[in-house]
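In this document, chain identifiers A, B, C and D correspond to the written order of the chains, with residue numbering beginning at 1 in each.
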Amino acid sequence: MAKTTLIKGPVTHELISSRMRLLGENREIGGHSIFLGQVRADIKGIRKVKAIEYSAYEEMVNREAESIKQKILSEYNDVRSIDIFHSTGVVMAGEISLMVLVSAGHRQHAMAACDKTVEMIKEKLPVWKKEIFEDNSHEWKRENLA
Amino acid sequence: MAKTTLIKGPVTHELISSRMRLLGENREIGGHSIFLGQVRADIKGIRKVKAIEYSAYEEMVNREAESIKQKILSEYNDVRSIDIFHSTGVVMAGEISLMVLVSAGHRQHAMAACDKTVEMIKEKLPVWKKEIFEDNSHEWKRENLA
Amino acid sequence: MEIRVLFFGVLTEVTQTMFKHYRDVNSFGDLMHRIQDDFPELVHFDYRIAVNSEIINEDPELKNMDEVAFMPPFAGG
Amino acid sequence: MEIRVLFFGVLTEVTQTMFKHYRDVNSFGDLMHRIQDDFPELVHFDYRIAVNSEIINEDPELKNMDEVAFMPPFAGG
(Lines give C-alpha, C1' and ligand atoms only; values in the text may rest on other atoms or scores of the structure.)
Protein backbone atom coordinates (compact mmCIF):
# COMPACT_ATOMS: atom_id res chain seq x y z
CA MET A 1 0.00 0.00 0.00
CA ALA A 2 1.29 3.46 -0.92
CA LYS A 3 2.77 5.45 1.93
CA THR A 4 2.65 8.90 0.35
CA THR A 5 -0.73 10.51 0.06
CA LEU A 6 0.24 14.05 -0.95
CA ILE A 7 1.72 14.74 -4.37
CA LYS A 8 3.29 18.06 -5.30
CA GLY A 9 1.35 19.36 -8.32
CA PRO A 10 -1.09 17.32 -10.42
CA VAL A 11 -1.53 13.55 -10.26
CA THR A 12 0.19 12.81 -13.58
CA HIS A 13 -0.66 10.20 -16.20
CA GLU A 14 2.75 8.67 -15.49
CA LEU A 15 1.82 8.13 -11.84
CA ILE A 16 -1.59 6.73 -12.77
CA SER A 17 -0.03 4.36 -15.34
CA SER A 18 2.66 3.23 -12.94
CA ARG A 19 0.04 2.26 -10.35
CA MET A 20 -2.07 0.53 -13.00
CA ARG A 21 0.84 -1.63 -14.07
CA LEU A 22 0.87 -3.23 -10.61
CA LEU A 23 -2.78 -4.26 -10.80
CA GLY A 24 -2.36 -7.77 -12.20
CA GLU A 25 0.06 -8.97 -9.55
CA ASN A 26 -2.57 -10.24 -7.11
CA ARG A 27 -4.48 -13.07 -8.79
CA GLU A 28 -7.26 -13.03 -6.18
CA ILE A 29 -8.41 -9.61 -7.38
CA GLY A 30 -11.49 -9.48 -9.62
CA GLY A 31 -12.10 -5.77 -9.89
CA HIS A 32 -10.53 -2.34 -9.54
CA SER A 33 -12.55 0.78 -8.97
CA ILE A 34 -10.76 4.03 -9.68
CA PHE A 35 -11.87 7.58 -9.07
CA LEU A 36 -10.02 10.53 -10.61
CA GLY A 37 -10.94 14.04 -9.54
CA GLN A 38 -10.23 16.68 -12.18
CA VAL A 39 -10.07 20.46 -11.86
CA ARG A 40 -13.02 22.04 -13.64
CA ALA A 41 -12.88 25.38 -15.47
CA ASP A 42 -15.96 26.59 -13.60
CA ILE A 43 -17.48 29.95 -14.47
CA LYS A 44 -18.22 32.23 -11.50
CA GLY A 45 -20.05 35.27 -12.74
CA ILE A 46 -17.70 36.70 -15.35
CA ARG A 47 -14.64 34.87 -14.06
CA LYS A 48 -13.39 31.49 -15.22
CA VAL A 49 -11.34 29.10 -13.07
CA LYS A 50 -7.83 28.61 -14.45
CA ALA A 51 -6.41 26.44 -11.66
CA ILE A 52 -6.90 25.35 -8.07
CA GLU A 53 -4.22 25.79 -5.45
CA TYR A 54 -4.47 23.11 -2.80
CA SER A 55 -3.02 23.42 0.68
CA ALA A 56 -2.98 20.70 3.31
CA TYR A 57 -2.12 19.95 6.92
CA GLU A 58 0.32 17.28 5.85
CA GLU A 59 0.87 15.43 9.09
CA MET A 60 -2.87 15.17 9.69
CA VAL A 61 -3.53 14.17 6.06
CA ASN A 62 -1.18 11.21 6.43
CA ARG A 63 -2.75 10.19 9.72
CA GLU A 64 -6.31 10.52 8.41
CA ALA A 65 -5.55 8.75 5.12
CA GLU A 66 -4.14 5.82 7.08
CA SER A 67 -7.21 5.77 9.30
CA ILE A 68 -9.55 5.84 6.25
CA LYS A 69 -7.69 2.88 4.73
CA GLN A 70 -7.90 0.92 7.97
CA LYS A 71 -11.60 1.64 8.29
CA ILE A 72 -12.36 0.57 4.70
CA LEU A 73 -10.24 -2.58 5.02
CA SER A 74 -12.05 -3.58 8.21
CA GLU A 75 -15.49 -2.78 6.77
CA TYR A 76 -14.92 -4.53 3.42
CA ASN A 77 -12.90 -7.67 4.04
CA ASP A 78 -12.89 -8.44 0.32
CA VAL A 79 -10.80 -5.30 -0.36
CA ARG A 80 -7.15 -6.11 -1.04
CA SER A 81 -5.58 -2.68 -1.47
CA ILE A 82 -6.34 1.03 -1.39
CA ASP A 83 -4.27 3.82 -2.96
CA ILE A 84 -4.93 7.48 -2.22
CA PHE A 85 -3.07 10.32 -3.96
CA HIS A 86 -4.03 13.97 -3.48
CA SER A 87 -2.36 17.05 -4.96
CA THR A 88 -0.94 19.98 -3.08
CA GLY A 89 -0.02 23.24 -4.77
CA VAL A 90 -1.29 24.38 -8.15
CA VAL A 91 -3.29 22.06 -10.41
CA MET A 92 -4.49 23.52 -13.73
CA ALA A 93 -8.02 23.04 -15.12
CA GLY A 94 -8.15 19.69 -16.91
CA GLU A 95 -5.49 18.14 -14.64
CA ILE A 96 -6.11 15.44 -12.02
CA SER A 97 -5.96 16.37 -8.32
CA LEU A 98 -7.17 13.15 -6.67
CA MET A 99 -6.73 9.47 -7.44
CA VAL A 100 -8.34 6.70 -5.44
CA LEU A 101 -7.77 3.09 -6.52
CA VAL A 102 -9.46 0.26 -4.68
CA SER A 103 -8.88 -3.38 -5.63
CA ALA A 104 -11.07 -6.19 -4.34
CA GLY A 105 -11.97 -9.80 -4.96
CA HIS A 106 -15.37 -8.83 -6.34
CA ARG A 107 -16.61 -5.82 -8.26
CA GLN A 108 -19.41 -4.73 -5.91
CA HIS A 109 -16.96 -4.47 -3.02
CA ALA A 110 -14.39 -2.59 -5.12
CA MET A 111 -17.00 -0.05 -6.24
CA ALA A 112 -18.71 0.40 -2.88
CA ALA A 113 -15.39 0.73 -1.06
CA CYS A 114 -14.08 3.25 -3.61
CA ASP A 115 -17.20 5.40 -3.27
CA LYS A 116 -16.92 5.27 0.51
CA THR A 117 -13.20 6.12 0.41
CA VAL A 118 -13.86 9.19 -1.75
CA GLU A 119 -16.65 10.32 0.60
CA MET A 120 -14.35 9.92 3.60
CA ILE A 121 -11.55 11.85 1.86
CA LYS A 122 -13.93 14.76 1.28
CA GLU A 123 -15.08 14.61 4.89
CA LYS A 124 -11.89 13.80 6.78
CA LEU A 125 -8.80 15.04 4.90
CA PRO A 126 -7.60 18.48 6.03
CA VAL A 127 -7.16 19.96 2.55
CA TRP A 128 -8.27 23.36 1.31
CA LYS A 129 -8.63 24.80 -2.13
CA LYS A 130 -8.26 28.25 -3.55
CA GLU A 131 -9.73 28.82 -7.00
CA ILE A 132 -7.49 30.92 -9.20
CA PHE A 133 -9.30 32.72 -12.02
CA GLU A 134 -8.03 33.67 -15.44
CA ASP A 135 -7.75 37.30 -14.31
CA ASN A 136 -5.51 36.03 -11.44
CA SER A 137 -8.05 36.93 -8.77
CA HIS A 138 -8.76 34.13 -6.33
CA GLU A 139 -11.39 32.77 -3.98
CA TRP A 140 -11.25 30.15 -1.22
CA LYS A 141 -13.68 27.41 -2.04
CA ARG A 142 -15.90 26.49 0.87
CA GLU A 143 -18.22 23.90 -0.50
CA ASN A 144 -17.11 20.38 -1.06
CA LEU A 145 -18.90 19.55 -4.27
CA ALA A 146 -16.11 18.37 -6.60
CA MET B 1 -17.51 8.17 -27.61
CA ALA B 2 -15.79 4.92 -28.56
CA LYS B 3 -17.49 2.89 -31.28
CA THR B 4 -15.81 -0.46 -30.62
CA THR B 5 -16.94 -2.32 -27.56
CA LEU B 6 -15.31 -5.71 -28.14
CA ILE B 7 -11.55 -6.09 -27.94
CA LYS B 8 -9.73 -9.21 -29.10
CA GLY B 9 -7.82 -10.51 -26.04
CA PRO B 10 -7.20 -8.57 -22.82
CA VAL B 11 -7.86 -4.87 -22.31
CA THR B 12 -4.21 -3.80 -22.29
CA HIS B 13 -2.47 -1.14 -20.23
CA GLU B 14 -1.71 0.63 -23.51
CA LEU B 15 -5.41 0.90 -24.30
CA ILE B 16 -6.22 2.05 -20.77
CA SER B 17 -3.44 4.66 -20.88
CA SER B 18 -4.47 5.90 -24.31
CA ARG B 19 -8.04 6.52 -23.08
CA MET B 20 -6.75 8.20 -19.91
CA ARG B 21 -4.67 10.65 -21.91
CA LEU B 22 -7.87 12.07 -23.41
CA LEU B 23 -9.43 12.80 -20.03
CA GLY B 24 -8.31 16.41 -19.59
CA GLU B 25 -9.69 17.67 -22.88
CA ASN B 26 -13.14 18.57 -21.58
CA ARG B 27 -12.76 21.32 -18.97
CA GLU B 28 -16.31 20.88 -17.67
CA ILE B 29 -15.47 17.46 -16.29
CA GLY B 30 -14.85 17.17 -12.55
CA GLY B 31 -14.55 13.43 -12.08
CA HIS B 32 -13.87 10.16 -13.82
CA SER B 33 -15.04 6.85 -12.43
CA ILE B 34 -13.33 3.80 -13.88
CA PHE B 35 -14.06 0.14 -13.36
CA LEU B 36 -11.62 -2.55 -14.45
CA GLY B 37 -12.69 -6.18 -14.29
CA GLN B 38 -9.80 -8.61 -13.86
CA VAL B 39 -9.68 -12.38 -14.35
CA ARG B 40 -9.28 -14.10 -10.99
CA ALA B 41 -7.31 -17.31 -10.46
CA ASP B 42 -10.26 -18.89 -8.62
CA ILE B 43 -9.87 -22.30 -7.06
CA LYS B 44 -12.66 -24.80 -7.84
CA GLY B 45 -12.11 -27.91 -5.80
CA ILE B 46 -8.61 -29.01 -6.79
CA ARG B 47 -8.55 -26.99 -10.03
CA LYS B 48 -7.24 -23.47 -10.43
CA VAL B 49 -8.44 -21.02 -13.10
CA LYS B 50 -5.67 -20.15 -15.58
CA ALA B 51 -7.72 -18.03 -18.01
CA ILE B 52 -11.22 -17.18 -19.14
CA GLU B 53 -12.30 -17.54 -22.73
CA TYR B 54 -15.02 -15.01 -23.58
CA SER B 55 -17.43 -15.39 -26.47
CA ALA B 56 -19.98 -12.81 -27.56
CA TYR B 57 -22.86 -12.18 -29.92
CA GLU B 58 -21.05 -9.28 -31.48
CA GLU B 59 -23.86 -7.54 -33.32
CA MET B 60 -26.09 -7.63 -30.25
CA VAL B 61 -23.23 -6.51 -27.97
CA ASN B 62 -22.77 -3.38 -30.07
CA ARG B 63 -26.49 -2.66 -30.13
CA GLU B 64 -26.89 -3.23 -26.36
CA ALA B 65 -23.75 -1.24 -25.48
CA GLU B 66 -25.12 1.70 -27.46
CA SER B 67 -28.48 1.36 -25.72
CA ILE B 68 -26.80 1.25 -22.28
CA LYS B 69 -24.87 4.44 -23.09
CA GLN B 70 -28.01 6.22 -24.26
CA LYS B 71 -29.89 5.15 -21.15
CA ILE B 72 -27.12 6.34 -18.80
CA LEU B 73 -26.73 9.65 -20.66
CA SER B 74 -30.46 10.32 -20.43
CA GLU B 75 -30.65 9.31 -16.77
CA TYR B 76 -27.57 11.30 -15.67
CA ASN B 77 -27.48 14.56 -17.58
CA ASP B 78 -24.22 15.50 -15.85
CA VAL B 79 -22.43 12.60 -17.58
CA ARG B 80 -20.24 13.74 -20.49
CA SER B 81 -18.86 10.48 -21.86
CA ILE B 82 -18.97 6.71 -21.42
CA ASP B 83 -16.41 4.20 -22.69
CA ILE B 84 -17.05 0.46 -22.61
CA PHE B 85 -14.44 -2.11 -23.64
CA HIS B 86 -14.98 -5.84 -23.20
CA SER B 87 -12.66 -8.68 -24.16
CA THR B 88 -13.44 -11.58 -26.43
CA GLY B 89 -11.25 -14.66 -26.65
CA VAL B 90 -8.71 -15.74 -24.05
CA VAL B 91 -7.80 -13.48 -21.11
CA MET B 92 -5.26 -14.85 -18.61
CA ALA B 93 -5.65 -14.60 -14.83
CA GLY B 94 -4.40 -11.18 -13.72
CA GLU B 95 -5.36 -9.53 -17.04
CA ILE B 96 -8.19 -7.04 -17.55
CA SER B 97 -11.34 -8.15 -19.40
CA LEU B 98 -13.61 -5.13 -18.90
CA MET B 99 -13.04 -1.39 -18.76
CA VAL B 100 -15.78 1.13 -18.09
CA LEU B 101 -14.86 4.81 -17.94
CA VAL B 102 -17.50 7.40 -17.10
CA SER B 103 -16.70 11.13 -17.00
CA ALA B 104 -19.06 13.67 -15.49
CA GLY B 105 -19.21 17.20 -14.21
CA HIS B 106 -19.45 16.02 -10.62
CA ARG B 107 -18.04 13.04 -8.80
CA GLN B 108 -21.28 11.57 -7.44
CA HIS B 109 -22.73 11.38 -10.93
CA ALA B 110 -19.56 9.84 -12.36
CA MET B 111 -19.51 7.16 -9.67
CA ALA B 112 -23.25 6.39 -9.69
CA ALA B 113 -23.35 6.24 -13.50
CA CYS B 114 -20.27 3.98 -13.64
CA ASP B 115 -21.79 1.56 -11.12
CA LYS B 116 -25.03 1.50 -13.08
CA THR B 117 -23.21 1.00 -16.39
CA VAL B 118 -21.32 -2.01 -14.98
CA GLU B 119 -24.57 -3.50 -13.62
CA MET B 120 -26.24 -3.05 -17.00
CA ILE B 121 -23.28 -4.64 -18.80
CA LYS B 122 -23.59 -7.71 -16.59
CA GLU B 123 -27.33 -7.86 -17.17
CA LYS B 124 -27.64 -6.89 -20.84
CA LEU B 125 -24.49 -7.76 -22.81
CA PRO B 126 -24.66 -11.13 -24.56
CA VAL B 127 -21.25 -12.38 -23.46
CA TRP B 128 -20.34 -15.81 -22.09
CA LYS B 129 -17.31 -17.10 -20.27
CA LYS B 130 -15.61 -20.44 -20.12
CA GLU B 131 -13.16 -20.93 -17.28
CA ILE B 132 -10.00 -22.71 -18.39
CA PHE B 133 -8.17 -24.49 -15.60
CA GLU B 134 -4.45 -25.18 -15.22
CA ASP B 135 -5.04 -28.83 -16.17
CA ASN B 136 -6.68 -27.52 -19.40
CA SER B 137 -10.12 -28.76 -18.40
CA HIS B 138 -12.86 -26.16 -18.71
CA GLU B 139 -16.24 -25.16 -17.38
CA TRP B 140 -18.86 -22.68 -18.63
CA LYS B 141 -19.47 -20.09 -15.96
CA ARG B 142 -23.12 -19.50 -15.25
CA GLU B 143 -23.14 -17.05 -12.42
CA ASN B 144 -22.42 -13.42 -12.97
CA LEU B 145 -20.39 -12.60 -9.89
CA ALA B 146 -17.19 -11.07 -11.27
CA MET C 1 -38.07 -19.35 -45.85
CA GLU C 2 -34.46 -19.74 -44.79
CA ILE C 3 -33.43 -19.04 -41.19
CA ARG C 4 -29.96 -18.79 -39.69
CA VAL C 5 -29.81 -20.16 -36.13
CA LEU C 6 -26.99 -19.24 -33.72
CA PHE C 7 -26.03 -21.03 -30.50
CA PHE C 8 -23.91 -19.46 -27.75
CA GLY C 9 -22.01 -20.38 -24.60
CA VAL C 10 -22.62 -23.79 -23.08
CA LEU C 11 -25.27 -24.52 -25.74
CA THR C 12 -22.52 -24.96 -28.33
CA GLU C 13 -21.43 -28.06 -26.40
CA VAL C 14 -24.92 -29.51 -26.83
CA THR C 15 -25.24 -28.62 -30.50
CA GLN C 16 -21.56 -29.02 -31.40
CA THR C 17 -21.95 -26.02 -33.67
CA MET C 18 -22.28 -22.24 -33.40
CA PHE C 19 -24.76 -21.94 -36.30
CA LYS C 20 -27.04 -23.98 -38.45
CA HIS C 21 -29.20 -23.09 -41.44
CA TYR C 22 -32.79 -24.23 -41.61
CA ARG C 23 -34.52 -24.15 -45.02
CA ASP C 24 -38.21 -24.26 -45.88
CA VAL C 25 -39.21 -23.00 -42.45
CA ASN C 26 -42.98 -22.34 -42.22
CA SER C 27 -43.16 -20.49 -38.93
CA PHE C 28 -41.38 -19.88 -35.63
CA GLY C 29 -43.20 -22.89 -34.14
CA ASP C 30 -42.07 -25.09 -37.01
CA LEU C 31 -38.45 -23.91 -36.50
CA MET C 32 -38.58 -24.65 -32.77
CA HIS C 33 -39.85 -28.18 -33.38
CA ARG C 34 -37.10 -28.91 -35.86
CA ILE C 35 -34.41 -27.54 -33.51
CA GLN C 36 -35.80 -29.61 -30.63
CA ASP C 37 -35.76 -32.70 -32.82
CA ASP C 38 -32.14 -32.07 -33.83
CA PHE C 39 -30.95 -31.25 -30.30
CA PRO C 40 -33.26 -32.89 -27.76
CA GLU C 41 -30.89 -32.10 -24.88
CA LEU C 42 -31.55 -28.35 -25.27
CA VAL C 43 -34.62 -28.85 -23.09
CA HIS C 44 -32.34 -29.25 -20.05
CA PHE C 45 -30.83 -25.78 -20.49
CA ASP C 46 -31.90 -22.28 -19.62
CA TYR C 47 -31.86 -19.89 -22.57
CA ARG C 48 -33.47 -16.83 -24.09
CA ILE C 49 -34.09 -16.34 -27.79
CA ALA C 50 -33.25 -13.26 -29.85
CA VAL C 51 -34.43 -12.58 -33.39
CA ASN C 52 -32.10 -10.29 -35.33
CA SER C 53 -30.33 -9.54 -32.01
CA GLU C 54 -33.46 -8.46 -30.16
CA ILE C 55 -34.76 -10.62 -27.33
CA ILE C 56 -38.29 -11.87 -27.94
CA ASN C 57 -40.96 -12.36 -25.32
CA GLU C 58 -43.57 -14.00 -27.49
CA ASP C 59 -43.50 -16.08 -30.69
CA PRO C 60 -42.47 -13.73 -33.52
CA GLU C 61 -43.39 -13.65 -37.20
CA LEU C 62 -40.23 -14.75 -38.99
CA LYS C 63 -39.07 -13.39 -42.33
CA ASN C 64 -36.74 -14.99 -44.85
CA MET C 65 -33.05 -14.74 -43.76
CA ASP C 66 -33.88 -13.82 -40.16
CA GLU C 67 -31.26 -14.67 -37.53
CA VAL C 68 -32.48 -16.59 -34.47
CA ALA C 69 -30.08 -16.81 -31.50
CA PHE C 70 -30.21 -19.23 -28.55
CA MET C 71 -28.54 -17.53 -25.59
CA PRO C 72 -27.84 -19.04 -22.15
CA PRO C 73 -27.69 -16.59 -19.18
CA PHE C 74 -25.19 -13.82 -19.85
CA ALA C 75 -21.87 -13.89 -18.00
CA GLY C 76 -19.90 -10.85 -19.17
CA GLY C 77 -17.43 -8.77 -17.20
CA MET D 1 4.64 26.54 28.05
CA GLU D 2 5.29 27.18 24.36
CA ILE D 3 2.60 26.40 21.80
CA ARG D 4 2.83 26.40 18.01
CA VAL D 5 -0.38 27.59 16.33
CA LEU D 6 -1.20 26.79 12.69
CA PHE D 7 -3.78 28.49 10.46
CA PHE D 8 -5.14 26.99 7.24
CA GLY D 9 -7.17 27.89 4.19
CA VAL D 10 -9.07 31.16 4.23
CA LEU D 11 -7.97 31.79 7.82
CA THR D 12 -4.46 32.60 6.57
CA GLU D 13 -5.97 35.65 4.88
CA VAL D 14 -7.26 36.84 8.26
CA THR D 15 -4.08 36.10 10.17
CA GLN D 16 -1.65 36.87 7.33
CA THR D 17 0.44 33.96 8.55
CA MET D 18 0.40 30.17 8.50
CA PHE D 19 1.87 29.81 11.98
CA LYS D 20 2.59 31.73 15.11
CA HIS D 21 4.37 30.82 18.35
CA TYR D 22 2.81 31.63 21.68
CA ARG D 23 5.05 31.57 24.76
CA ASP D 24 4.18 31.40 28.44
CA VAL D 25 0.78 29.90 27.70
CA ASN D 26 -1.04 28.92 30.93
CA SER D 27 -3.90 26.92 29.51
CA PHE D 28 -5.99 26.28 26.40
CA GLY D 29 -8.40 29.03 27.52
CA ASP D 30 -5.51 31.45 27.92
CA LEU D 31 -4.25 30.58 24.41
CA MET D 32 -7.70 31.10 22.87
CA HIS D 33 -8.01 34.55 24.46
CA ARG D 34 -4.63 35.64 23.18
CA ILE D 35 -5.41 34.39 19.65
CA GLN D 36 -8.78 36.17 19.66
CA ASP D 37 -7.06 39.38 20.83
CA ASP D 38 -4.49 39.09 18.01
CA PHE D 39 -7.03 38.22 15.30
CA PRO D 40 -10.46 39.52 16.31
CA GLU D 41 -11.90 38.79 12.84
CA LEU D 42 -11.53 35.04 13.40
CA VAL D 43 -14.89 35.16 15.18
CA HIS D 44 -16.60 35.59 11.79
CA PHE D 45 -15.24 32.29 10.46
CA ASP D 46 -16.19 28.66 10.80
CA TYR D 47 -13.36 26.45 12.02
CA ARG D 48 -12.45 23.34 13.95
CA ILE D 49 -9.40 22.98 16.14
CA ALA D 50 -6.92 20.09 16.19
CA VAL D 51 -4.23 19.50 18.80
CA ASN D 52 -1.27 17.53 17.46
CA SER D 53 -3.36 16.77 14.37
CA GLU D 54 -6.34 15.33 16.26
CA ILE D 55 -9.61 17.22 16.25
CA ILE D 56 -10.77 18.19 19.74
CA ASN D 57 -14.35 18.30 20.95
CA GLU D 58 -13.70 19.82 24.36
CA ASP D 59 -11.01 22.04 25.84
CA PRO D 60 -7.84 19.95 26.10
CA GLU D 61 -4.95 19.98 28.57
CA LEU D 62 -2.04 21.43 26.60
CA LYS D 63 1.57 20.34 27.02
CA ASN D 64 4.71 22.25 26.17
CA MET D 65 5.40 22.28 22.38
CA ASP D 66 1.91 21.12 21.44
CA GLU D 67 0.69 22.08 17.97
CA VAL D 68 -2.74 23.71 17.77
CA ALA D 69 -4.35 24.00 14.31
CA PHE D 70 -7.22 26.25 13.21
CA MET D 71 -8.98 24.57 10.30
CA PRO D 72 -11.85 25.93 8.18
CA PRO D 73 -14.20 23.37 6.55
CA PHE D 74 -12.26 20.84 4.50
CA ALA D 75 -12.41 21.11 0.71
CA GLY D 76 -10.24 18.30 -0.64
CA GLY D 77 -10.71 16.36 -3.85
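Here is the rule we use: a contact is a pair of C-beta atoms (placed from the backbone, for glycine too) under 8 Å apart; a residue touches a chain by one contact, two chains touch by 3 or more.
Just so it is clear, the structure is predicted and the values come from calculations on it, not from any experiment.
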| item | value |
| --- | --- |
| Shared chain contacts [chain B and chain D, defined touch] | A |
| Label of the chain whose CA centroid is most distant from the centroid of chain B | D |
| Rounded Å distance between chain A and chain D, as computed from the means of their C-alpha atoms | 27 |
| Centre distance in Å when chain A and chain C are each reduced to the mean of their C-alpha atoms | 49 |
| Rounded Å distance between chain C and chain D, as computed from the means of their C-alpha atoms | 73 |
| Chain B residues counted as touching two or more neighbouring chains | 37, 107, 118, 146 |
| Junction residues of chain C - those touching two or more other chains | 77 |
| Pairwise chain contacts under the document criterion | A-B, A-D, B-C |
| Complex contact set, residues of chain C against chain B | 6, 8-10, 13, 50, 53-54, 69, 71-77 |
| Complex contact set, residues of chain B against chain A | 13, 16-17, 20-21, 23-41, 93-96, 105-107, 110-111, 114-115, 118, 145-146 |
| Contacting residues of chain B [partner chain C, same complex] | 37, 54-57, 59-60, 63, 86, 97-98, 118, 121-130, 140-144, 146 |
